[in-house]
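Letters A, B, C and D name the chains as they come in the text, with residue numbers starting at 1 for each one.
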Amino acid sequence: MDFGVIDLDEETVAFWAEVRAFCQTHVTKEVLDEEFETGSGFNEGLHKALGARGWILPTWPRQEGGAGATPLQAAILDAELRAAHAPLITLGTTRNVLPAVLRWGTDELKKAVVPGVASGDVRFCLGYTEPDSGSDIAAAKTRAVRDGDEWVIDGQKMFTTGAQNCQYSFLLTRTNPEAPKHKGLTMFLCPLEQAEIRPIRTLGGERTNMVFYDAIRVPDRYRLGPVDQGWMVLLGPLNAEHAMPEDTDSAPPIDQPGGMYGYSAVEGLEVALAWARSADPDGRRPIDDPLVRERLAQAALDIEVATVSTGPAGRVISSEMAIRVAEDLMDLVGPRALLPRGEDAAIGEGWLEYLHRFAQGTATYGGTTDIFRNIIAERFLGLPRQAPRAG
Amino acid sequence: MAEPISAPILRRADYRLSEEEQALAEAFSAFFERSCPSERVRAAEPWGFDAALWAELAPMRPVAMGLPESLGGDGAGLVELVLVTEPFGRSVAPVPLVEAAVAARLLAAVATAAPGGPADAWVNQVIDEHKVVTLALQPGGGPQLVPAGAVADAVVGLLGDELVLGVCPAERAARRPRNHGFAPIAWCDLSDPECSFRPLWSGPSARAAFERAVREWKLLMASALIGMAQATLDIGVEHARSRVAFGAPIGSFQAVSHALADVAMAVETGRRLVRKGAWYAAHEPDEDVHRVLMAYRYATQTAMTAATVGVHVLGGVGFTVESDPQLYFRRVKGWTLVAGDPKAALSDIADALFGPVAIAK
Amino acid sequence: MDFGVIDLDEETVAFWAEVRAFCQTHVTKEVLDEEFETGSGFNEGLHKALGARGWILPTWPRQEGGAGATPLQAAILDAELRAAHAPLITLGTTRNVLPAVLRWGTDELKKAVVPGVASGDVRFCLGYTEPDSGSDIAAAKTRAVRDGDEWVIDGQKMFTTGAQNCQYSFLLTRTNPEAPKHKGLTMFLCPLEQAEIRPIRTLGGERTNMVFYDAIRVPDRYRLGPVDQGWMVLLGPLNAEHAMPEDTDSAPPIDQPGGMYGYSAVEGLEVALAWARSADPDGRRPIDDPLVRERLAQAALDIEVATVSTGPAGRVISSEMAIRVAEDLMDLVGPRALLPRGEDAAIGEGWLEYLHRFAQGTATYGGTTDIFRNIIAERFLGLPRQAPRAG
Amino acid sequence: MAEPISAPILRRADYRLSEEEQALAEAFSAFFERSCPSERVRAAEPWGFDAALWAELAPMRPVAMGLPESLGGDGAGLVELVLVTEPFGRSVAPVPLVEAAVAARLLAAVATAAPGGPADAWVNQVIDEHKVVTLALQPGGGPQLVPAGAVADAVVGLLGDELVLGVCPAERAARRPRNHGFAPIAWCDLSDPECSFRPLWSGPSARAAFERAVREWKLLMASALIGMAQATLDIGVEHARSRVAFGAPIGSFQAVSHALADVAMAVETGRRLVRKGAWYAAHEPDEDVHRVLMAYRYATQTAMTAATVGVHVLGGVGFTVESDPQLYFRRVKGWTLVAGDPKAALSDIADALFGPVAIAK
């Protein structure tokens, strides 16, 4: 056990200062305003500025496009960018897919895309979900049919967040419809030029996409891993997204407030605390009311619980915490909490109003909380698999 | 003040609707279902008002029905009004029905108890011209967000011990903030000279009438919330029946079916709380006021849970703006928080049931 | 809609007074002490005193052993007995089974048992659950094999509450092990003389029983309904126990505080209120504390919610309410709430301590709350039946 | 006073046990598993004490280990003690381990800061003779229920600003009430002349030491509660794997499996809260005291939920006295409520995080 303050060497202190300066320069109010407007989770200038410093893959050696950063420095970078609300959804999906490209891609493919990933010119999005398959990822129906040295891909994907800003989709296709559902899948790093991208907007304000693959032709070199063994290829990125233990254990052991999805609730509590500490014209402060104190303390406890949680449990706990905290703090703060960013009288620049909407989505990202409970019941508790028969 | 419970209480517990009540509920259900599909709700975003819909609704006299016959109303009461606001909530119609109905009843109370003032004319305008009067829910001066304030022809509120009515000037847009629930709320200050608030009635009776009006708002909103919860439940059930995952309709998974069952239980129970609250408020007003507060508190929780479950059951689709559950999700919070923290109802219930707090010795 | 005070005619007022006097005479401290000690849900003196007045079946005509009471009077009787905490579990199971006996029993059987039911000499208990089948009632394995004009019954039942005070068990047996599980069952009104009864004690302090049927012989006249169609015979009492709508709609529409299982929480709140209104030596009363007020108000709201709830939902809501209210009121009242009935310093004669234990069982009686949620999902919402496949 | 959160906090978050810590946890797990099966817990009902078990445990020095080496202890601290009280809780062993460990540490603090008083001898008796000293959790005079009071050789408490120690007379049985948790609680009054309370230490440091001791009790109890929750989870999982209903193991129904998954999540997370709280209390005592309170509050809820789920998953059997979940159900509430309303921890957390309430103007 160790929760001590980490001694920072000079280099790391300097790195930290550099990161803060970077955020001030590149994560400007304009960038944030644009992000609140577009919800795209991406800003090209910011992304390329990260690439220019080697911060897209910070722990990689400089000669490979990284910054030679220590894991601790990389964690500082991520925490600062997150605290600054930098729009980095596409950075996340790109990083998530990269190990699969490195593991399964041909040398030719890697040579073609990896330097661009590091520089920021090449980005990846996730092409799993379809209109008829969400949490049940392996039920994908998008077809890939071999035609000589090419594949013909036909199908439709939902929720391909960032597709409009990416060059490739990490695409799940069905190559053998006769095989059991996990045995007939093949993965591609599918170029997006030929695909048709249609925007979808969310309650949380994010932009995501439907992507139509209408008989597009993809050379075989974009295939990742063996034909019909796509599930194996997919598992790495999927487990990372599902926060399975092997991944979290390798992360730098830094106390991250709020856990996986709860960092936005941390800011919600700060907003509510600032409100509670403000005196009304009669000099009364909400924070002196026992009922208010108890609810703020409960929110702080909820956030701390999410902070210490980990793995799939952390996914569920931090998501449901954010939903609960958003709802209760909004109630506590009252009518002005209804006003969104941009309204003069909004509390905390409308953060609670945003959080209340945004938090809902976290219960679905990368599989619903129900799926994560299944994972915990089956893989951690050894309970029998649930699989209902239709009525 | 009543003890919450003592056994046995010999009261009826008959929640069934009479034939007339049933007909009324069905007529308004049919209207909102026919006239207000979700496309129309979306079309009224972000400002939350559809003047044409209000005009279509007017011939059914949803506001006039709650006023006494002596003033030109139809002599119905809260029991009937909750049967109207439930289908209204089910469709989240972009019309200020709850506010208009409640404020009109308050004006009617003034016109009855203290005739000869401006309330008389406003009652007529409400009935004949379908004017919208709304209620400032917070007593006293200072800026407050008033529900339906952005579309109301007048605002009634309580300033000190005085009921006042004002007409805000034309540059209303500046007072109309964008908001979570896409509701036509507006900033209003009862002490703002620009709004020319005029006294209607004063004294303890005026204050009591105002407080009753706020409770009536909570009651009618509670019924609307139950309607909203029913709607998201229906959407979720429909989806759970047809959507297939892992080889079965998702409604066959208890994670889904039990969440929906919990909502169904709360909706049906909440509806009964509302009806019981309405009956008491209509037949034994100013007694057992905790019933309305209980119905309101339970309905806010039920509707919020229902909306959250609705969004969740629909999965990724539920989180898109094209889905209907999110319409409800925004409005459950957006329509109610304007009345302040819904959990504060518990303290009000305590006051009603347990009496006031003793002064510290 | 009608929640008005019911006008009582003179006869009903007199009846009410009679009931109150009866409770004072027959539901004495000794009876209650004995019930807390034994947990048997039955007191022979009380039960026979009820029978003597025709109050076991109060709405039946006097000439058939009833009291010719109106449904309203019967409801008053039940409410008063309940408020007095009269131990009436066995009265409940007897009444629950009687309609099935009347519907399916031969005239000979009815003649033999029905007058005794009315007088209090004959009581019925429920013989459904087995060691390997609880909520899945139809999985019962207790065998009944025909042998001439008799049946030989072999098996074991669990949770036959009141068996030690009953003459008959309403017994679910399997007569055709080859048929689908609902199609090979037969019901008996099985005499208990030959059965071996072993006590089981519960967390709530109740006594229930295991009952061993070791090749006991039962004449065919004790069979209820057709062979192999026992499920149909069972459904009436089962639906009554499951509070399906047809039953509650026929009950007198009287506002019953706390709903199906919540009446004990009503008393819990009264105990907590009395505590909260008592001043400490410094004159401070808990009820003047905003945090205490909020929790008491929440308990009152929870109880009112259970009061208005109905049907299977009412089962779930009132049970879970009682569990929640017991837990929170116990916390609120503090250490002295730990002391049971009989300890001098116990709060409210240890009612909260008892309630906290007792309430747990209500989530299982007559099928778990999970089963009731299934019922709501399937029968009321029309969702497909859940039926998992083993992993 | 610290803000609850600000980003990024550069602290390690390493919950892993060192090899020594792992060995310690395993040794005590093995002891309790071997020496205290549930039959032994039942055999100690209703008075909740097994003197033979206490004697068997003594050679492992679970109390002495938490005392400084300078006083004859083993120089371990709270981090090690929570590793001991978790398996203790898992077996709900009928021994006063939490109280004895905490009170001994308080006595050691007195013996260190103000040597020469009776605390010195008591520390020796605790170490050498395995005497049990317990802690009266409520400061001040008047009757209170003291955990382990019925089996303790002495009681330490705070009267005014003075730490006092008393030995109650022999007719202890009269003071020992039956109780929900079958715990050896006893009535005790620090101002009762019969118990001959004598001063140990006084002044602000004495008060601070007392308050620290109460927090330590909550910390060690939090760990015990996590052990109790783990035990009921394990029982529930085992049952859900094997019990068949409707043709399948009940653990394949999400109503069961998700309830158990929720408990599993809370147990693991609660364990991490406890360890983090213990680390802070050991390394940065008197700062961040909210962490211990958070761990305690969360552990009380987790253990109560786990026990309720455990009883429920076992169905009718879970409700019988022969089942093990009910052992935990009784003790979760019975062992903790003696410290007062667990929800009050939220107000304490608020005081720690947000500072004191401003005096009304």
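In this section, a residue touches a chain if its C-beta (ideal position, glycine included) is under 8 Å from a C-beta of that chain, and two chains touch if they have at least 3 such contacts.
This is a predicted model, so every value here is computed, not measured.
Averaging Cα atoms per chain gives one point for each, and the point farthest from that of chain A is the centre of C. Here A-B and B-C were compared by C-beta pairs in contact; the pair with more is B-C. Mean C-alpha position of chain B lies 49 Å from that of chain D. If each chain is reduced to the centroid of its CA atoms, chain B and chain C end up 39 Å from each other.
Chain centres here are Cα means. That of chain A falls 52 Å from that of chain C. Contact with two or more other chains is made by residues 290-291, 294, 370, 373, 378, 383-391 of chain A. Residues of chain D in contact with at least two other chains: 248-249, 252-256, 258, 347. Against chain C, the residues of chain B that register as touching in their complex are 3-18, 21, 79, 237, 240-241, 248-249, 251-254, 256-258, 260-262, 264-265, 268-269, 272-273, 275-276, 278-280, 283, 290-291, 294, 297-298, 346-347, 349-350, 353-354, 357-358, 360-361.
Within the complex formed with chain C, the chain D residues making contact are 142-145, 177-181, 185, 187, 244-249, 252-253, 255-256, 304, 308, 311-312, 315-322, 326, 329-330, 333-334, 337-338, 340-343, 347. Within the complex, the chain D residues that touch chain B are 253-255, 258. Those residues of chain C that touch chain D in the complex are listed here as 129, 132-136, 139, 158-159, 200-204, 281, 291, 323, 327-328, 330-332, 334-340, 342-343, 345, 353, 356-357, 360-361, 363-364, 368-370, 373, 386-391.
Those residues of chain A that touch chain D in the shared complex are 1-6, 8, 75-76, 79-80, 82-83, 253-258, 263, 266, 269-270, 273, 276, 282-285, 287-288, 290, 293-294, 296-298, 300-301, 303-305, 307-310, 313, 316-317, 370, 373-374, 376-378, 380-387.
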